[in-house]
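A short worksheet on the structure shown next.
Every chain is named by a letter (A, B, C, D and E) in the order it is written, and numbering of its residues begins at 1.
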Amino acid sequence: MKTFKLGGVHPAENKLSNNSPIQVLPIPKQVFIPVSQSLGAPSKPVVNKGDQVKVGQLIAKGEAFISSNIHSSVSGKVLKIDNITDQSDYPKQAIFINVEGDEWDENIDKSDKVKREITLSKEEIIRKIHEMGIVGLGGAAFPSHVKLMVPKGKKADLLIINGVECEPYLTSDYRLMLEKGEEILIGTTILMKGLGVNKAFIGIENNKPDAIKHLTNLAKDFEGIEVFSLKVKYPQGGEKQLIKALTNREVPSGKLPIEVGCVVNNVGTAFAVYEAVQKNKPLFERVVTVTGKTIENPSNFLVRIGTPSSELVEKAGGLPDDTGKIISGGPMMGKALNMIDVPIVKGSSGVLLIEDSETERIAVKNCIRCANCISVCPMGLEPVLLAQYSEKEMFENAEKEHILDCMECGSCQYTCPSGRPLLDYIRLGKFKVGEIIRNRGKK
Amino acid sequence: MNQWKNFSKGFIKDNPVFVLLLGLCPTLAVTSSAINGLGMGLATMFVLVCSNMVISLIKNLIPDKVRIPSFIVIIASFVTIVELIMEGFAPALFEALGIFIPLIVVNCIVLGRAEGFASKQSFISSLIDGLGMGLGFAFALTLLGAVREALGNGSIFGYKFIEGDAILVFILSPGAFIVLGYLIALLNRFKKTT
Amino acid sequence: MAKKESSFLNMVITLFVITGIASLALGGVYNLTKEPIRLAKLAKAEKAIKEVIPGFDRLEIFTVKPTNGTDSLIFNCGYINNELVGTAVESYSNKGYDPTQIKIMVGFTPDGNINNTAVIQQKETPGLGTKMTSPKFKDQFGGKNPKNFILKVKKDGGDVDAITAATISSRAFCGAIQRAYDAYEKENKQRVQNKEQQTQDVVTEEQEEK
Amino acid sequence: MNLLTVSGSPHIHGDNSIKKIMYGVVFAMIPAILISIYFFGLDAVKVLLISVIACMFFEWAIQKFLIKGPLTINDGSALITGILLAFNVPGNLPVWIIIIGAFVSIGIAKMSFGGLGKNPFNPALVGRVFLLISFPVQMTSWPKPNPLFARKVLDAITGPTPLGNLKEELKGGRTVQDILEHGTKMIVDGKEVLYQIPDYAQELLGNMGGSLGEISAVALIIGAIYMLCRKIITWQIPVAYLGSVIVFTGILWLINPNIYINPLFHLVTGGLMLGVFFMATDMVSTPMSSKGQLIFGLGCGVITVIIRVWGAYPEGVSFAILIMNAFAPLINKGFKPKRFGETLKI
Amino acid sequence: MEYLIIIISAIFVSNIVLAQFLGICPFLGVSGKISTSVGMSGAVLFVMTIATIATWLIQTYILVPFGITFLQTISFILVIASLVQMVEIILKKISPPLYQALGIFLPLITTNCAVLGVALLTVSRNYNLMEGVVFAVASALGFGLAMLLFAGIREHLDLMEVPKGMRGVPIALVTAGILALAFMGFTGLV
C-alpha cells in the first residue's frame, strides 16, 4: 500500500462523526464574514452599511493576484463593517449581515440535478473559479485559480485530489466523498481541464474503505481519474507528503508542487469547483465537522460561511460543561479559539471540543534525546535542534538547519515523551528567521 | 593598604588558577601530590617574582617592538636558573616535575604578569604583585595536590591517614581535571554567597 | 626616564644586551651548580649501588654492550680488598607504560644470584606501576638466581608476582633485570675466559721460564 | 464553565512519556536481574539494592540541596543507572565502593551537567570505568557463579572471566586451542585449581564469572527483544555494533585461529550483550539520526575489539561506548537525517 | 612498526592533552566551536612539526656538541617564538588563504606549552629526527582529536541548561576528566 516514507505518526483516529450524514444547518440570525479568508491579500468590501444583499452576491473583491472574491452567504442587510476576532486571534475586518429570508442570486442553479457536461474552455474555467471565490478547502485556503495558472517554464502533468483527511476527528471530506462522489469527480475533470492535464489521482487513506470503493466505482466512468488507497499516516494530507506517497516525486525544499509537475486540490475544493462551474454557485457554504468526545451528537453540517461556531455546537447537542478547549480544524494543526462565536470561514474544516482533562499538556521535562521527533518529522528535520536553537535565540543556526522547511504538522510535539513544546519554539524560530531574511533582503 | 590589596588579590579574588585560569598545564600535571604541587608552585613563584622585578626595572630600556622577546629571554633565564638549582639541590623533586619545569617559560601567568603588570608598574608594586600571584599559584597547586593526594592515595604530604586502597583515579589524569573542575565550581559558589 | 624608541638599532642593541647578560648570568649559575648537580647524580647512583650490593671499598666502573638493545649498560663492580663482592648493573627497559625509560640497578653477587634491585628512574602510572619501587615487589628478586628463577610474571608463565593491575610495568621491570642478567653472564664468561687466558699466559710464561 | 485554553497546535499528545520509556527499560532488565540472582545469590541482591538506593539517594539529594530544581526522582532514570551500575560490577564488591560508584555516576556524570538528558556520557559507564581504574583489584576479582538451587561448596570463591583468562593465557604464549582444551592451572585464594573456560551453551545462559548483569546473553537478548518491540530502542546501534564485532573478530580469526578466538566467543562473553543492548542504546548519549547510530555502533564495535585483542584491559565495551559517546555530538553534526526535498547537486 | 607505536601512543594512549596535560589553555580556551578548534589544530600541527625539527637540530648539532645543554630551555623557546613569527610572515606572503585560516591562532601558539613540551619530550626520549617528526605530527593529531571531540561536546552543552555553579570552565574540566577516563581504555595498546 502506498504511503510517504519519511516520518509520520498515527494518532488515535477518533472519527466519531463518520456515520453522521451531512445535515444542512439552519441559517443563523446574523453572520460575520471576514474579508480575509484566503492566503494572500485581504479582499476589499464592495458593499456598504445598510445595503441589501442576496445569497451569492459579491460583497468583497479580491484585487491582488493572490486573493479571492467573497460572496454573501445569506440574504439580508449589511449591519456594519467592523473588526472581529477570527481563528488567528487577531482582529480582522468583517462584514456583518443581518439575515432576512433566504433569497438567492438568480444566476445560481439551485437544482439537485447532476450536470456532467463541461462546456467551458480552459480559460473560462479559471476565470469562473476566480470569480466564484474558490479557495483550497483543506485548510490553507490558497486561492484555487492561482494554482491552475502554471507559471512559465513549468509544466503540470498530474492533478492530485486530496481525500486523505489525515487529521483525527475530522470527517467532512469523508462524508462529502460518500454523498457527493459524482460531483467531486466532475469537479476533478473540470480542474484537469483547467490545468490542461489528462491524468488525476485521488488519494484516500484506507480507514475510509467505503469512500474508496464508492469513488473507485464512479471513477470507471471518468477518463484519466484513478483512485488510490493509502496507508493511514499523519500528515499524509500535506501536499508534499501526498505527492510523495502517490507518485514518489519529491518536491524540492522551498519549492511548490508544480516543480514536479503536480497540483494538489482537496476533495472539498473539487466539489466547490463543480458547483461554481456547473451550477454558477459561489463558495458561500461548506461542510464542517462538529465533534469531540464529550459532545452529544458529533455531526457534519453544511454551513453558510460566517455562521458563528456556537450555532454548530448548539445544533450538535450544546456545549458540554467540561469543555477546556475549542479548536477550529483538527487536533494536530487546528487553532485553539478563545471564544466560541468565531465565524466559520472557507478554510474551516471542523470545530473540535476538547474536555478539560485532555486540555492540559503533559508536564515539560528535560529532553532525553530519544530522537522520536526526528524519526517522525515528515520533512526530515531535527525538531529538537530547531527548538533548542530557537530557545537559545540562535536563529542563524536554525536557518542553516532549514527551519523554514517545517510545515508545522506537530508530529514532533505529539510524539515527544518529555512533552516539550517543540512546535511552539519552532514557530517562534520560523517567525524570527523570516524576519532576518526579510531584513537581509532590504540591505 | 594599596600594596596589601596588590598582594592579597592573587589569593582568592584574582587567583591565577581558580579565577584567571592561567597556567593550567602544570597545575593539572604535577599535582598528583601536595609536595609536588608546592614545589612547582614555589618554583613558579621564584620565576614570577624575579622576572617581575627585573622587567619592572628595565621596562623603559626596552623598545616596545622587542618587548615580548626580551621578556621571554629574561623569563627563560630565570627558569633555567631554577632548573639548575633544583637539579643540584632537590633532585627528587626535579625528577618528579619533569618537563614542567622548563615549561614554566610558557606558563601564561609569568608572561601575563610581565606584560600586563610589571611592564607598567613600579619595582615595589611588581615585586609585591609577583609575590602575591606566586603565592596564590603555589596555594592553588598545593591545595589541588593535597585534595588529589588525599583522595587518591589516602595521604597528605606523604603522611598516610588511611591504610589500604584509596580512589586511585584522583592521582591519575582524569582526577586532575575533575578535582580542579569541582574546586573552581566550589569557589564560584562561595564567591556568589559572599 | 623616557621609553626607548623602537628604532632598528635600539631593538638590536637591546636584544643583544639582554641575551648577553642572560647568557653570562646563566653561565655563572651553571658553573656554580655544576658540582652540586654532578654530586647529586653521583649520590643517587651510589645510593642505588649501595642498596643492591653489600659494602665495598672500591668501585670499578665500565660499560658493556647488552645482548639485545642499543644502549650499553653500566657495570659497577664492588671490591673489598680487591676481591669482587658484587656487581651492580644499571639496566633499562623501554617497555614501560610511559614512554620514559625505566632505569633500574640490579645487584649480582659473584655467584650470579640477584642480591637486590633498585629503581633509578621511572614514570609509570602513579599508584599502579610506581609500586615497582615498593619493597614488596622489588625485594622478591633478592637471593634468586635467574638460572632457575624465571624472570617473567606469573601470568606469562614465570615466577614473578606482578604488581596488581600493572602487568605492563611488571613485565618491563622483569625485562630490565633479564637484560642486566644476560649482559652479566656474557661479561662473566668473558672474564672467566680472560682469566683462563691470563692463567694460561702465566702458565706458558712460567713454562718458558722453566 | 471554565475559561477556554488557547495554545498552539498540536492539541493532542501521544501516549509516550519518559516514565513509560524508563520503566520499559527496567522491565526489560528483569530477566538479567533474575539470572544474576540465580547465579550469585544474596550477593547480587545486595549489590543491586545498594546501587539502586545510592543512585536514587544521590539524585534526590543533589536535586534538593544543590541544584534546588524540581525533583525528578520518580522518572526512573536513576533507577536504571543504579541497576546498570550494579550490572557492571562483580557481585562481591564492597559496599563502600558501590556507593562511590553511584556517587560518580549520578553526581559527576549526570547531575553536574544538569541531570537527565544533558549528560554527554552514559552515567553508569562513567561510574563503572571510574571504579575499574580506581579499584583494579576489587573490580576484577569475580565471584564464581553458584546456582541458587544447586548450591555447592566451591573449591574457590573467585575465578576469572573467560575473556580475561583467555587474554592472559594468550599473552603467556599459549594457543587458543590449548587453552580451551586443557584449561589453566591457577592459584586462587591460595589453592591451586584448574580453570576451564565454559562451553558456549553455559556462556549463553550465564554460567561463568563476570559482572552481575553481563553473564547471561540469553536474558539480555530477551530484554532487548522486548525493548525493540516496544520501540524503546532502535535496531541500528545493536546491529551495527554486533555486526562490526563479528566482522572484525571474524577477520582476525580467519587470519590466525591460534591467537585470535572465534567471533562467537566474543559475542557471548564479557559485557558485550549488556553494552550493546542496554548502554550503547542509551538515548541521551548516542547520536540521533539512524545514519549516525550506525556509525556509532560501528565505532563501538571496532574500539571494543581493539581493546579486547590488543589493550591492557580484557574487556573494552565500557571504554568503547564512552569514547563513542564523546564522538556523538560530532556524529550528530556530520550525519544529519535525510531532509525531505533535499536537492542533491552533482 | 616503531613509528606505528609512536603514533598510536601519542594519539590515543598518552594523548598530549588528556594524559600529558600539554596545551590545556587552548584546549579550554579555543574549543568553544568546532570550526575554531579545527583551525587551531591545523596551526598547532604546522608549528609543532617545524619546531620539533628545528629544536632537534639545535639540540643535536649545537647544544650537545658544545656541552651547553643547560641552555636548552632558553634556546628552544627563542627558536619557537621566532619560528612562529617567521611562519606568520611567510604565510602572509605565499599563502594568504592559509594565513586567513591559521593567522589568528599563530600568536597564541608561542605560549602554547604543547609545542615546547613536544620539543622537549622529543629530545628527552632520544628520538631520532624521523621519529621526532612522527611524534610531533602524531601529538598534534592527538591534540586535534581531543580538541575536536571537546568542541563537539561543548557545542552540544551550549544548548543545555547546565547548573549555575558548573557553567563554563568547571563543566568543561569535568567533561575533560571523563574524556580522559574514557581514553584510559587504550592503556596497553603499545
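Heads up, the rule we're going with is that contacts are C-beta pairs under 8 Å (C-beta built on N, C-alpha and C of every residue); 3 or more make two chains touch, one makes a residue touch a chain.
Given the structure is predicted, the values throughout are model-derived calculations rather than measurements.
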Set of chains whose contacts include both chain C and chain A: D, E
Shortest walk length in steps over touching chains, chain A through to chain B: 2
Partner chains that chain A and chain D have in common: E
Of B-D and B-E, whichever chain pair has more C-beta contact pairs: B-E
Identity of the most central chain, Cα criterion: D
Longest centre-to-centre distance from chain A, chain (CA-based): C
Chain C-chain D separation of Cα centroids, rounded to whole Å: 46
Centroid distance [mean C-alpha coordinates] between chain E and chain C, Å: 32
Euclidean distance of C-alpha centroids - chain A vs chain E, Å: 60
Multi-partner residues of chain B (each touching 2 or more other chains): 69, 73, 76-77, 80, 84, 168-169, 172, 174, 178
Touching two or more other chains - residues of chain D: 108, 114, 117-118, 130, 133, 136-137, 312
Pairs of chains satisfying the touch condition: A-D, A-E, B-C, B-D, B-E, C-D, C-E, D-E
List of chain D residues in touch with chain E within their complex: 66-67, 108-109, 111-114, 117-118, 120-121, 126, 129-130, 133, 303, 306-307, 310-313, 316, 318-320, 322-323, 325-330, 332-333
Complex interface listing, chain C residues touching chain E: 22-23, 26, 30, 97-101, 168
Chain E to chain A touching residues, read off their complex: 158-159
For the chain B and chain C complex, residues of the former touching the latter: 32, 60-66, 69-70, 73-74, 76-77, 80-81, 84-85, 87-89, 91, 95, 98, 152-153, 168, 171-172
Residues on chain B engaged by chain E in the complex (per definition of touch): 21-22, 24-26, 28-29, 68-69, 72-73, 76-77, 79-80, 83-84, 99, 102-103, 105-108, 111, 169, 172-178, 180-182, 184-186, 188-189, 192
